[in-house]
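Data block below; observations after.
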Amino acid sequence: MAFSAAPYIRRANYYETDKMGIVHHSNYIRWFEEARLDYLKQSGLNYEEMENGGILMPVTDVQCKYHYSIRFDEEVVVWTTPTFFNGLRAVFSYKIYTANGENLAATGESSHCFIDEHTRLPLNLKKRCPDLYETVIPVFADEQELKKVKE
Amino acid sequence: MAFSAAPYIRRANYYETDKMGIVHHSNYIRWFEEARLDYLKQSGLNYEEMENGGILMPVTDVQCKYHYSIRFDEEVVVWTTPTFFNGLRAVFSYKIYTANGENLAATGESSHCFIDEHTRLPLNLKKRCPDLYETVIPVFADEQELKKVKE
Amino acid sequence: MAFSAAPYIRRANYYETDKMGIVHHSNYIRWFEEARLDYLKQSGLNYEEMENGGILMPVTDVQCKYHYSIRFDEEVVVWTTPTFFNGLRAVFSYKIYTANGENLAATGESSHCFIDEHTRLPLNLKKRCPDLYETVIPVFADEQELKKVKE
Amino acid sequence: MAFSAAPYIRRANYYETDKMGIVHHSNYIRWFEEARLDYLKQSGLNYEEMENGGILMPVTDVQCKYHYSIRFDEEVVVWTTPTFFNGLRAVFSYKIYTANGENLAATGESSHCFIDEHTRLPLNLKKRCPDLYETVIPVFADEQELKKVKE
(Lines give C-alpha, C1' and ligand atoms only; values in the text may rest on other atoms or scores of the structure.)
Protein backbone atom coordinates (compact mmCIF):
# COMPACT_ATOMS: atom_id res chain seq x y z
CA MET A 1 0.00 0.00 0.00
CA ALA A 2 1.10 3.51 -0.67
CA PHE A 3 2.84 5.57 1.95
CA SER A 4 0.56 8.26 3.31
CA ALA A 5 2.16 11.41 4.65
CA ALA A 6 0.67 14.16 6.76
CA PRO A 7 0.24 17.44 4.88
CA TYR A 8 2.68 20.29 5.43
CA ILE A 9 1.20 23.15 7.42
CA ARG A 10 2.55 26.68 7.85
CA ARG A 11 1.48 30.31 8.03
CA ALA A 12 2.10 33.07 5.52
CA ASN A 13 4.79 35.41 6.78
CA TYR A 14 4.59 39.18 6.59
CA TYR A 15 7.73 39.42 4.45
CA GLU A 16 6.17 37.00 1.97
CA THR A 17 3.45 39.50 1.06
CA ASP A 18 3.87 42.16 -1.61
CA LYS A 19 2.28 45.55 -2.18
CA MET A 20 -0.79 43.83 -3.63
CA GLY A 21 -1.44 42.83 -0.01
CA ILE A 22 -1.18 39.11 -0.69
CA VAL A 23 1.57 36.50 -0.69
CA HIS A 24 3.85 37.03 -3.70
CA HIS A 25 3.35 34.28 -6.25
CA SER A 26 7.04 33.26 -6.22
CA ASN A 27 6.69 32.14 -2.62
CA TYR A 28 4.28 29.37 -3.54
CA ILE A 29 7.20 27.78 -5.41
CA ARG A 30 9.18 27.95 -2.17
CA TRP A 31 6.30 26.42 -0.23
CA PHE A 32 6.24 23.56 -2.72
CA GLU A 33 9.88 22.96 -1.82
CA GLU A 34 9.18 23.09 1.91
CA ALA A 35 6.32 20.62 1.48
CA ARG A 36 8.32 18.31 -0.79
CA LEU A 37 11.28 18.10 1.59
CA ASP A 38 8.93 17.54 4.50
CA TYR A 39 7.20 14.80 2.54
CA LEU A 40 10.50 13.12 1.72
CA LYS A 41 11.55 13.30 5.35
CA GLN A 42 8.29 11.70 6.47
CA SER A 43 8.84 8.98 3.89
CA GLY A 44 12.23 8.14 5.37
CA LEU A 45 14.34 9.93 2.77
CA ASN A 46 16.51 12.56 4.46
CA TYR A 47 17.33 14.97 1.68
CA GLU A 48 20.12 16.55 3.71
CA GLU A 49 21.81 13.14 3.99
CA MET A 50 21.32 12.46 0.29
CA GLU A 51 23.04 15.78 -0.51
CA ASN A 52 25.82 14.96 1.94
CA GLY A 53 26.23 11.75 -0.02
CA GLY A 54 26.93 13.80 -3.13
CA ILE A 55 23.54 13.48 -4.82
CA LEU A 56 21.55 16.61 -5.68
CA MET A 57 17.95 16.69 -6.89
CA PRO A 58 17.55 19.98 -8.76
CA VAL A 59 14.27 21.22 -10.19
CA THR A 60 14.04 20.89 -13.97
CA ASP A 61 10.51 22.17 -14.37
CA VAL A 62 8.01 23.87 -12.10
CA GLN A 63 4.53 25.23 -12.56
CA CYS A 64 1.84 26.72 -10.38
CA LYS A 65 -1.76 27.74 -10.93
CA TYR A 66 -3.10 30.36 -8.53
CA HIS A 67 -6.74 30.03 -7.58
CA TYR A 68 -7.09 32.01 -4.37
CA SER A 69 -4.90 34.71 -2.82
CA ILE A 70 -3.26 33.88 0.48
CA ARG A 71 -2.99 36.72 2.97
CA PHE A 72 -0.59 37.47 5.79
CA ASP A 73 -0.86 35.09 8.74
CA GLU A 74 -3.25 32.81 6.89
CA GLU A 75 -2.57 29.15 7.58
CA VAL A 76 -2.06 26.93 4.57
CA VAL A 77 -2.08 23.17 4.20
CA VAL A 78 0.10 21.74 1.44
CA TRP A 79 -0.48 18.21 0.13
CA THR A 80 2.39 16.66 -1.80
CA THR A 81 1.91 13.68 -4.09
CA PRO A 82 4.76 11.92 -5.89
CA THR A 83 3.48 11.11 -9.36
CA PHE A 84 6.48 9.67 -11.15
CA PHE A 85 9.84 8.12 -10.28
CA ASN A 86 12.18 5.93 -12.27
CA GLY A 87 15.57 6.57 -10.74
CA LEU A 88 16.40 9.20 -13.33
CA ARG A 89 13.56 11.59 -12.81
CA ALA A 90 10.97 12.35 -10.13
CA VAL A 91 7.77 14.35 -10.36
CA PHE A 92 5.66 15.74 -7.52
CA SER A 93 2.31 17.47 -7.59
CA TYR A 94 1.03 19.89 -4.94
CA LYS A 95 -2.24 21.27 -3.66
CA ILE A 96 -2.30 24.24 -1.33
CA TYR A 97 -5.48 24.71 0.69
CA THR A 98 -6.43 27.35 3.20
CA ALA A 99 -6.50 25.95 6.70
CA ASN A 100 -10.26 25.66 6.89
CA GLY A 101 -10.06 23.56 3.75
CA GLU A 102 -12.67 25.71 2.04
CA ASN A 103 -10.37 27.18 -0.55
CA LEU A 104 -8.00 25.48 -2.93
CA ALA A 105 -5.41 28.25 -3.16
CA ALA A 106 -3.02 26.74 -5.67
CA THR A 107 -2.05 23.61 -7.54
CA GLY A 108 1.33 22.85 -9.01
CA GLU A 109 3.95 20.39 -10.09
CA SER A 110 7.72 20.10 -10.00
CA SER A 111 10.01 17.78 -11.95
CA HIS A 112 13.47 16.80 -10.80
CA CYS A 113 16.49 14.92 -11.97
CA PHE A 114 19.35 13.50 -9.92
CA ILE A 115 22.87 14.81 -10.44
CA ASP A 116 26.30 14.20 -9.02
CA GLU A 117 27.36 17.07 -6.78
CA HIS A 118 30.85 17.23 -8.29
CA THR A 119 30.43 16.40 -11.96
CA ARG A 120 26.98 18.03 -12.10
CA LEU A 121 26.04 15.25 -14.51
CA PRO A 122 22.76 13.33 -14.36
CA LEU A 123 22.86 10.01 -12.56
CA ASN A 124 20.62 7.00 -12.24
CA LEU A 125 19.67 6.53 -8.61
CA LYS A 126 19.05 2.84 -9.30
CA LYS A 127 22.69 2.34 -10.28
CA ARG A 128 24.34 4.88 -8.01
CA CYS A 129 22.40 4.00 -4.85
CA PRO A 130 20.41 0.78 -5.27
CA ASP A 131 19.55 0.78 -1.57
CA LEU A 132 18.19 4.31 -1.69
CA TYR A 133 16.34 3.48 -4.88
CA GLU A 134 14.64 0.48 -3.29
CA THR A 135 13.69 2.54 -0.26
CA VAL A 136 12.23 5.29 -2.39
CA ILE A 137 10.30 3.15 -4.83
CA PRO A 138 7.47 2.07 -2.49
CA VAL A 139 7.26 5.56 -1.07
CA PHE A 140 7.22 7.50 -4.27
CA ALA A 141 4.58 5.53 -5.97
CA ASP A 142 1.38 3.81 -5.12
CA GLU A 143 1.01 0.29 -6.38
CA GLN A 144 -0.42 1.21 -9.71
CA GLU A 145 2.34 3.68 -10.52
CA LEU A 146 4.96 1.41 -9.06
CA LYS A 147 3.87 -1.20 -11.56
CA LYS A 148 4.39 1.22 -14.42
CA VAL A 149 7.82 2.06 -13.10
CA LYS A 150 8.88 -1.59 -12.90
CA GLU A 151 7.58 -2.52 -16.33
CA MET B 1 4.85 46.52 -36.82
CA ALA B 2 5.34 45.03 -33.43
CA PHE B 3 6.99 46.91 -30.62
CA SER B 4 10.49 45.65 -30.02
CA ALA B 5 11.90 46.00 -26.52
CA ALA B 6 15.46 45.65 -25.34
CA PRO B 7 16.04 42.56 -23.21
CA TYR B 8 16.30 42.84 -19.47
CA ILE B 9 19.82 42.37 -18.16
CA ARG B 10 20.97 41.74 -14.59
CA ARG B 11 23.44 39.75 -12.54
CA ALA B 12 22.74 36.89 -10.14
CA ASN B 13 23.07 38.07 -6.57
CA TYR B 14 24.85 36.14 -3.85
CA TYR B 15 21.70 35.89 -1.71
CA GLU B 16 19.86 34.36 -4.67
CA THR B 17 22.07 31.26 -4.58
CA ASP B 18 21.35 28.25 -2.42
CA LYS B 19 23.52 25.52 -0.90
CA MET B 20 23.58 23.74 -4.26
CA GLY B 21 25.86 26.63 -5.28
CA ILE B 22 23.50 27.92 -7.97
CA VAL B 23 20.63 30.39 -8.16
CA HIS B 24 17.57 28.95 -6.41
CA HIS B 25 14.89 28.02 -8.92
CA SER B 26 12.25 30.25 -7.29
CA ASN B 27 14.28 33.32 -8.21
CA TYR B 28 13.79 32.73 -11.92
CA ILE B 29 10.09 33.40 -11.30
CA ARG B 30 11.11 36.72 -9.74
CA TRP B 31 13.36 37.52 -12.69
CA PHE B 32 10.42 36.89 -15.01
CA GLU B 33 8.56 39.56 -13.06
CA GLU B 34 11.46 42.00 -13.25
CA ALA B 35 11.72 41.42 -17.00
CA ARG B 36 7.96 41.69 -17.55
CA LEU B 37 7.65 44.99 -15.69
CA ASP B 38 10.70 46.33 -17.51
CA TYR B 39 9.14 45.26 -20.79
CA LEU B 40 5.86 46.96 -19.95
CA LYS B 41 7.69 50.12 -18.98
CA GLN B 42 9.59 50.15 -22.24
CA SER B 43 6.30 49.67 -24.07
CA GLY B 44 4.85 52.77 -22.43
CA LEU B 45 2.76 50.99 -19.81
CA ASN B 46 3.82 52.12 -16.35
CA TYR B 47 2.64 49.31 -14.11
CA GLU B 48 3.07 51.46 -11.01
CA GLU B 49 0.63 54.02 -12.47
CA MET B 50 -1.80 51.27 -13.46
CA GLU B 51 -1.78 50.00 -9.87
CA ASN B 52 -2.21 53.53 -8.57
CA GLY B 53 -5.27 53.70 -10.83
CA GLY B 54 -6.73 50.75 -8.95
CA ILE B 55 -5.97 48.00 -11.47
CA LEU B 56 -3.86 45.01 -10.44
CA MET B 57 -2.48 42.36 -12.77
CA PRO B 58 -1.90 39.26 -10.62
CA VAL B 59 -0.29 36.07 -11.88
CA THR B 60 -2.78 33.25 -12.44
CA ASP B 61 -0.34 30.69 -13.79
CA VAL B 62 3.43 30.46 -14.03
CA GLN B 63 5.83 27.86 -15.29
CA CYS B 64 9.55 27.57 -15.81
CA LYS B 65 11.81 25.00 -17.40
CA TYR B 66 15.40 24.99 -16.20
CA HIS B 67 18.03 24.14 -18.79
CA TYR B 68 21.25 25.53 -17.36
CA SER B 69 22.23 26.51 -13.83
CA ILE B 70 23.02 30.18 -13.25
CA ARG B 71 25.82 30.91 -10.82
CA PHE B 72 26.59 33.84 -8.55
CA ASP B 73 27.55 37.00 -10.39
CA GLU B 74 26.69 35.50 -13.78
CA GLU B 75 25.01 38.00 -16.07
CA VAL B 76 21.70 36.94 -17.56
CA VAL B 77 19.68 38.35 -20.43
CA VAL B 78 15.92 37.94 -20.22
CA TRP B 79 13.75 38.26 -23.31
CA THR B 80 10.05 38.85 -22.70
CA THR B 81 7.43 38.23 -25.38
CA PRO B 82 3.75 39.00 -24.93
CA THR B 83 1.86 36.14 -26.52
CA PHE B 84 -1.77 36.85 -25.74
CA PHE B 85 -3.91 39.79 -24.67
CA ASN B 86 -7.63 40.38 -24.91
CA GLY B 87 -8.35 42.85 -22.15
CA LEU B 88 -9.28 40.10 -19.72
CA ARG B 89 -6.13 38.07 -19.74
CA ALA B 90 -2.50 38.55 -20.74
CA VAL B 91 0.20 35.95 -21.31
CA PHE B 92 3.95 36.49 -21.52
CA SER B 93 6.72 34.08 -22.39
CA TYR B 94 10.33 34.38 -21.28
CA LYS B 95 13.76 33.19 -22.31
CA ILE B 96 16.72 33.59 -20.01
CA TYR B 97 20.16 33.40 -21.64
CA THR B 98 23.59 33.65 -20.13
CA ALA B 99 25.25 36.91 -21.09
CA ASN B 100 27.44 35.43 -23.77
CA GLY B 101 24.30 34.08 -25.37
CA GLU B 102 25.75 30.59 -25.50
CA ASN B 103 23.40 29.05 -23.02
CA LEU B 104 19.64 29.12 -22.84
CA ALA B 105 19.27 28.92 -19.07
CA ALA B 106 15.49 28.83 -18.76
CA THR B 107 12.23 29.29 -20.58
CA GLY B 108 8.91 30.12 -19.01
CA GLU B 109 5.49 31.63 -19.23
CA SER B 110 3.18 33.62 -16.99
CA SER B 111 -0.56 34.27 -17.33
CA HIS B 112 -2.32 37.22 -15.77
CA CYS B 113 -5.77 38.61 -15.28
CA PHE B 114 -6.78 42.15 -14.40
CA ILE B 115 -8.59 42.82 -11.14
CA ASP B 116 -10.00 45.81 -9.31
CA GLU B 117 -7.82 46.71 -6.34
CA HIS B 118 -10.78 47.16 -4.02
CA THR B 119 -13.32 44.54 -5.07
CA ARG B 120 -10.58 42.08 -6.09
CA LEU B 121 -12.91 41.05 -8.92
CA PRO B 122 -11.77 40.49 -12.50
CA LEU B 123 -12.24 43.39 -14.87
CA ASN B 124 -12.11 43.92 -18.61
CA LEU B 125 -9.41 46.42 -19.41
CA LYS B 126 -11.22 47.25 -22.65
CA LYS B 127 -14.25 48.48 -20.71
CA ARG B 128 -12.55 49.83 -17.62
CA CYS B 129 -9.76 51.69 -19.40
CA PRO B 130 -10.37 51.86 -23.16
CA ASP B 131 -7.44 54.24 -23.58
CA LEU B 132 -5.06 51.94 -21.77
CA TYR B 133 -6.43 49.01 -23.74
CA GLU B 134 -5.80 50.75 -27.05
CA THR B 135 -2.29 51.66 -25.98
CA VAL B 136 -1.51 48.15 -24.94
CA ILE B 137 -2.95 46.31 -27.91
CA PRO B 138 -0.26 47.21 -30.46
CA VAL B 139 2.44 46.69 -27.88
CA PHE B 140 1.35 43.36 -26.55
CA ALA B 141 0.96 41.67 -29.84
CA ASP B 142 2.73 41.54 -33.11
CA GLU B 143 0.52 41.99 -36.13
CA GLN B 144 -0.32 38.38 -36.54
CA GLU B 145 -1.33 37.89 -32.94
CA LEU B 146 -3.04 41.24 -32.85
CA LYS B 147 -5.20 39.98 -35.70
CA LYS B 148 -6.22 36.97 -33.69
CA VAL B 149 -7.07 39.18 -30.73
CA LYS B 150 -9.28 41.46 -32.83
CA GLU B 151 -11.08 38.62 -34.58
CA MET C 1 3.86 39.92 36.65
CA ALA C 2 5.26 40.00 33.17
CA PHE C 3 3.67 38.14 30.34
CA SER C 4 5.70 35.09 29.39
CA ALA C 5 5.48 33.86 25.83
CA ALA C 6 6.58 30.57 24.38
CA PRO C 7 9.57 30.89 22.04
CA TYR C 8 9.09 30.78 18.30
CA ILE C 9 10.30 27.56 16.72
CA ARG C 10 10.93 26.81 13.05
CA ARG C 11 13.30 25.03 10.71
CA ALA C 12 15.73 26.53 8.21
CA ASN C 13 14.40 26.12 4.69
CA TYR C 14 16.50 25.04 1.75
CA TYR C 15 15.83 28.25 -0.16
CA GLU C 16 17.09 30.23 2.82
CA THR C 17 20.60 28.88 2.41
CA ASP C 18 23.21 30.43 0.12
CA LYS C 19 26.25 29.07 -1.69
CA MET C 20 28.22 29.26 1.56
CA GLY C 21 26.06 26.29 2.57
CA ILE C 22 24.44 28.12 5.49
CA VAL C 23 21.36 30.28 6.01
CA HIS C 24 21.88 33.68 4.40
CA HIS C 25 22.32 36.37 7.05
CA SER C 26 19.41 38.46 5.75
CA ASN C 27 17.00 35.71 6.69
CA TYR C 28 17.72 36.10 10.39
CA ILE C 29 16.13 39.56 10.08
CA ARG C 30 13.05 37.86 8.65
CA TRP C 31 13.03 35.31 11.45
CA PHE C 32 13.10 38.18 13.95
CA GLU C 33 9.93 39.43 12.29
CA GLU C 34 8.28 36.01 12.41
CA ALA C 35 9.17 35.70 16.09
CA ARG C 36 8.04 39.24 16.93
CA LEU C 37 4.64 38.83 15.28
CA ASP C 38 4.21 35.46 16.95
CA TYR C 39 5.12 37.04 20.28
CA LEU C 40 2.61 39.85 19.77
CA LYS C 41 -0.09 37.35 18.84
CA GLN C 42 0.60 35.32 21.97
CA SER C 43 0.38 38.51 23.99
CA GLY C 44 -3.08 39.24 22.63
CA LEU C 45 -2.06 41.86 20.07
CA ASN C 46 -3.14 40.76 16.62
CA TYR C 47 -0.86 42.69 14.31
CA GLU C 48 -3.07 41.94 11.32
CA GLU C 49 -6.01 43.57 13.07
CA MET C 50 -3.88 46.55 14.08
CA GLU C 51 -2.91 47.05 10.44
CA ASN C 52 -6.51 46.65 9.37
CA GLY C 53 -7.25 49.45 11.84
CA GLY C 54 -4.88 51.70 9.90
CA ILE C 55 -1.87 51.49 12.22
CA LEU C 56 1.46 50.26 10.89
CA MET C 57 4.54 49.45 12.96
CA PRO C 58 7.51 49.77 10.60
CA VAL C 59 11.07 48.94 11.57
CA THR C 60 13.25 52.00 12.12
CA ASP C 61 16.42 50.19 13.15
CA VAL C 62 17.56 46.59 13.12
CA GLN C 63 20.75 44.83 14.04
CA CYS C 64 21.97 41.28 14.28
CA LYS C 65 25.13 39.62 15.56
CA TYR C 66 25.89 36.21 14.11
CA HIS C 67 27.54 33.73 16.44
CA TYR C 68 26.87 30.35 14.86
CA SER C 69 25.91 29.36 11.33
CA ILE C 70 22.51 27.74 10.89
CA ARG C 71 22.30 24.98 8.30
CA PHE C 72 19.48 23.64 6.17
CA ASP C 73 16.77 21.83 8.11
CA GLU C 74 18.27 22.84 11.46
CA GLU C 75 15.61 23.74 14.00
CA VAL C 76 15.95 27.12 15.67
CA VAL C 77 14.32 28.56 18.76
CA VAL C 78 13.78 32.32 18.79
CA TRP C 79 13.18 34.16 22.05
CA THR C 80 11.66 37.63 21.74
CA THR C 81 11.83 40.17 24.56
CA PRO C 82 10.17 43.57 24.43
CA THR C 83 12.61 46.02 26.01
CA PHE C 84 10.97 49.40 25.51
CA PHE C 85 7.52 50.80 24.77
CA ASN C 86 6.07 54.25 25.31
CA GLY C 87 3.30 54.48 22.73
CA LEU C 88 5.57 56.19 20.23
CA ARG C 89 8.30 53.65 19.91
CA ALA C 90 8.80 49.96 20.68
CA VAL C 91 12.00 47.96 20.91
CA PHE C 92 12.40 44.19 20.88
CA SER C 93 15.47 42.05 21.41
CA TYR C 94 15.96 38.54 20.06
CA LYS C 95 18.02 35.46 20.78
CA ILE C 96 18.17 32.62 18.29
CA TYR C 97 19.31 29.26 19.65
CA THR C 98 19.78 25.96 17.92
CA ALA C 99 17.11 23.49 18.93
CA ASN C 100 19.26 21.56 21.33
CA GLY C 101 19.93 24.85 23.10
CA GLU C 102 23.66 24.30 22.92
CA ASN C 103 24.41 27.10 20.52
CA LEU C 104 23.41 30.73 20.63
CA ALA C 105 23.25 31.35 16.90
CA ALA C 106 22.39 35.03 16.85
CA THR C 107 21.31 37.99 18.94
CA GLY C 108 19.59 41.08 17.65
CA GLU C 109 17.31 44.02 18.20
CA SER C 110 14.66 45.89 16.25
CA SER C 111 13.15 49.33 16.89
CA HIS C 112 9.77 50.39 15.63
CA CYS C 113 7.54 53.44 15.46
CA PHE C 114 3.81 53.58 14.87
CA ILE C 115 2.49 55.34 11.79
CA ASP C 116 -0.88 56.07 10.23
CA GLU C 117 -1.43 53.90 7.17
CA HIS C 118 -2.75 56.79 5.09
CA THR C 119 -0.75 59.85 6.19
CA ARG C 120 2.36 57.73 6.87
CA LEU C 121 2.99 60.10 9.80
CA PRO C 122 4.07 58.93 13.26
CA LEU C 123 1.32 58.53 15.79
CA ASN C 124 1.10 58.05 19.54
CA LEU C 125 -0.61 54.76 20.29
CA LYS C 126 -1.64 56.14 23.68
CA LYS C 127 -3.68 58.88 22.02
CA ARG C 128 -4.80 57.06 18.90
CA CYS C 129 -5.80 53.81 20.59
CA PRO C 130 -5.87 54.14 24.39
CA ASP C 131 -7.42 50.69 24.72
CA LEU C 132 -4.74 49.05 22.63
CA TYR C 133 -2.10 51.00 24.52
CA GLU C 134 -3.40 49.78 27.87
CA THR C 135 -3.49 46.22 26.60
CA VAL C 136 0.01 46.39 25.33
CA ILE C 137 1.63 48.07 28.31
CA PRO C 138 1.58 45.10 30.70
CA VAL C 139 2.59 42.78 27.92
CA PHE C 140 5.44 44.77 26.53
CA ALA C 141 7.20 45.34 29.74
CA ASP C 142 7.91 43.48 32.89
CA GLU C 143 7.13 45.38 36.06
CA GLN C 144 10.49 47.02 36.31
CA GLU C 145 10.42 48.33 32.77
CA LEU C 146 6.77 49.17 33.01
CA LYS C 147 7.68 51.42 35.93
CA LYS C 148 10.20 53.26 33.79
CA VAL C 149 7.62 53.67 31.05
CA LYS C 150 5.03 55.14 33.40
CA GLU C 151 7.45 57.52 35.11
CA MET D 1 45.15 58.23 -2.62
CA ALA D 2 42.16 56.20 -1.72
CA PHE D 3 40.35 54.13 -4.28
CA SER D 4 37.10 55.76 -5.29
CA ALA D 5 34.32 53.49 -6.51
CA ALA D 6 31.14 54.41 -8.34
CA PRO D 7 28.02 53.90 -6.25
CA TYR D 8 25.82 50.89 -6.80
CA ILE D 9 22.54 51.72 -8.52
CA ARG D 10 19.42 49.57 -8.84
CA ARG D 11 15.64 49.73 -8.73
CA ALA D 12 13.30 48.31 -6.11
CA ASN D 13 11.61 45.20 -7.43
CA TYR D 14 7.93 44.44 -7.02
CA TYR D 15 8.61 41.24 -5.09
CA GLU D 16 10.74 43.20 -2.64
CA THR D 17 7.74 45.17 -1.40
CA ASP D 18 5.44 43.97 1.38
CA LYS D 19 1.82 44.65 2.24
CA MET D 20 2.86 47.96 3.82
CA GLY D 21 3.40 49.03 0.20
CA ILE D 22 7.12 49.65 0.66
CA VAL D 23 10.30 47.63 0.31
CA HIS D 24 10.56 45.14 3.16
CA HIS D 25 13.29 46.14 5.59
CA SER D 26 15.16 42.84 5.23
CA ASN D 27 15.90 43.64 1.60
CA TYR D 28 18.07 46.60 2.54
CA ILE D 29 20.44 44.07 4.11
CA ARG D 30 20.53 42.28 0.75
CA TRP D 31 21.17 45.55 -1.08
CA PHE D 32 24.11 46.17 1.24
CA GLU D 33 25.50 42.85 0.06
CA GLU D 34 24.93 43.70 -3.59
CA ALA D 35 26.65 47.06 -3.12
CA ARG D 36 29.54 45.56 -1.12
CA LEU D 37 30.29 42.88 -3.71
CA ASP D 38 30.03 45.47 -6.49
CA TYR D 39 32.42 47.70 -4.56
CA LEU D 40 34.92 44.87 -4.09
CA LYS D 41 34.72 44.02 -7.77
CA GLN D 42 35.39 47.61 -8.75
CA SER D 43 38.34 47.61 -6.38
CA GLY D 44 39.86 44.61 -8.14
CA LEU D 45 38.84 41.99 -5.60
CA ASN D 46 36.71 39.34 -7.28
CA TYR D 47 34.77 37.81 -4.43
CA GLU D 48 33.78 34.82 -6.56
CA GLU D 49 37.46 34.03 -7.16
CA MET D 50 38.24 34.48 -3.47
CA GLU D 51 35.53 31.94 -2.61
CA ASN D 52 36.79 29.59 -5.30
CA GLY D 53 40.17 29.87 -3.55
CA GLY D 54 38.55 28.51 -0.39
CA ILE D 55 38.17 31.79 1.51
CA LEU D 56 34.74 32.91 2.69
CA MET D 57 33.88 36.30 4.16
CA PRO D 58 30.73 35.79 6.25
CA VAL D 59 28.85 38.58 7.97
CA THR D 60 29.39 38.66 11.73
CA ASP D 61 27.33 41.75 12.47
CA VAL D 62 24.91 43.88 10.49
CA GLN D 63 22.79 46.90 11.27
CA CYS D 64 20.55 49.25 9.38
CA LYS D 65 18.72 52.45 10.24
CA TYR D 66 15.69 53.24 8.10
CA HIS D 67 15.06 56.90 7.39
CA TYR D 68 12.82 56.92 4.32
CA SER D 69 10.64 54.22 2.79
CA ILE D 70 11.59 53.01 -0.66
CA ARG D 71 8.73 52.19 -3.00
CA PHE D 72 8.38 49.84 -5.93
CA ASP D 73 10.38 50.85 -8.99
CA GLU D 74 12.16 53.63 -7.12
CA GLU D 75 15.81 53.89 -8.06
CA VAL D 76 18.30 53.79 -5.21
CA VAL D 77 21.96 54.71 -5.06
CA VAL D 78 24.08 52.80 -2.55
CA TRP D 79 27.44 54.15 -1.42
CA THR D 80 29.78 51.65 0.22
CA THR D 81 32.72 52.72 2.36
CA PRO D 82 35.22 50.30 3.85
CA THR D 83 35.98 51.55 7.34
CA PHE D 84 38.23 48.88 8.83
CA PHE D 85 40.45 46.07 7.61
CA ASN D 86 43.29 44.24 9.30
CA GLY D 87 43.36 40.87 7.57
CA LEU D 88 41.21 39.29 10.24
CA ARG D 89 38.17 41.48 10.09
CA ALA D 90 36.63 43.95 7.64
CA VAL D 91 33.93 46.55 8.22
CA PHE D 92 31.88 48.40 5.62
CA SER D 93 29.41 51.23 6.02
CA TYR D 94 26.55 52.00 3.62
CA LYS D 95 24.34 54.90 2.66
CA ILE D 96 21.28 54.36 0.52
CA TYR D 97 19.91 57.44 -1.24
CA THR D 98 16.93 57.83 -3.50
CA ALA D 99 18.01 58.42 -7.08
CA ASN D 100 17.39 62.15 -7.03
CA GLY D 101 19.68 62.31 -4.03
CA GLU D 102 17.09 64.20 -2.03
CA ASN D 103 16.42 61.49 0.50
CA LEU D 104 18.82 59.47 2.60
CA ALA D 105 16.77 56.28 2.80
CA ALA D 106 19.01 54.19 5.04
CA THR D 107 22.41 53.93 6.64
CA GLY D 108 24.06 50.76 7.82
CA GLU D 109 27.16 48.77 8.58
CA SER D 110 28.35 45.20 8.19
CA SER D 111 31.29 43.44 9.84
CA HIS D 112 32.98 40.39 8.39
CA CYS D 113 35.62 37.87 9.22
CA PHE D 114 37.52 35.56 6.90
CA ILE D 115 37.14 31.80 7.23
CA ASP D 116 38.46 28.71 5.54
CA GLU D 117 35.76 27.10 3.40
CA HIS D 118 36.57 23.60 4.65
CA THR D 119 37.54 23.99 8.29
CA ARG D 120 35.14 26.94 8.77
CA LEU D 121 37.78 28.40 11.08
CA PRO D 122 38.83 32.05 11.04
CA LEU D 123 41.94 32.87 9.06
CA ASN D 124 44.28 35.81 8.71
CA LEU D 125 44.22 37.04 5.14
CA LYS D 126 47.68 38.50 5.64
CA LYS D 127 49.12 35.05 6.33
CA ARG D 128 46.89 32.97 4.11
CA CYS D 129 47.05 35.22 1.05
CA PRO D 130 49.71 37.91 1.42
CA ASP D 131 49.22 38.96 -2.20
CA LEU D 132 45.50 39.39 -1.78
CA TYR D 133 46.09 41.22 1.48
CA GLU D 134 48.47 43.67 -0.15
CA THR D 135 46.02 44.25 -2.97
CA VAL D 136 43.17 44.88 -0.61
CA ILE D 137 44.96 47.16 1.84
CA PRO D 138 45.15 50.26 -0.35
CA VAL D 139 41.63 49.69 -1.56
CA PHE D 140 39.98 49.09 1.75
CA ALA D 141 41.34 52.07 3.49
CA ASP D 142 42.11 55.64 2.68
CA GLU D 143 45.55 56.77 3.71
CA GLN D 144 44.56 57.82 7.16
CA GLU D 145 42.90 54.53 8.00
CA LEU D 146 45.61 52.60 6.26
CA LYS D 147 48.07 54.20 8.65
CA LYS D 148 46.08 52.98 11.62
CA VAL D 149 45.99 49.49 10.15
CA LYS D 150 49.75 49.34 9.66
CA GLU D 151 50.57 50.66 13.11
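Going by the order they are written in, the chains are A, B, C and D; count residues from 1 in each one.
Convention: a residue touches a chain if its C-beta (ideal position, glycine included) is under 8 Å from a C-beta of that chain, and two chains touch if they have at least 3 such contacts.
No experiment lies behind these values; they were computed from the predicted model shown.
One of A-B, B-D or B-C repeats the interface of A-C: more than half of the contact pairs, counted by residue number, are shared by B-D.
Set against the C-alpha centre of chain C, every other chain centre is closer than that of B.
Interface comparison, C-D versus A-D: the higher count of C-beta contacts falls to C-D.
Chain B and chain D, compared by their mean Cα positions, are separated by 31 Å. Centres computed as Cα averages put chain A at a distance of 36 Å from chain D. Rounded to a whole number, the gap between the C-alpha centres of chain C and chain D is 26 angstrom.
The set of chain A residues touching two or more other chains comprises 14-15, 19-20, 22, 26, 30, 33, 72.
The touching residues of chain D, counted against chain B in their complex, run 13-15, 30, 33-34, 37, 41, 47-48, 72-73. Residues 19-20, 22, 25-27, 29-30, 33, 51, 56, 58-66, 69, 120 of chain C are the ones touching chain D in the complex. Note for the complex: chain C touches chain B at residues 14-15, 17-19, 21-22, 24, 26, 72.
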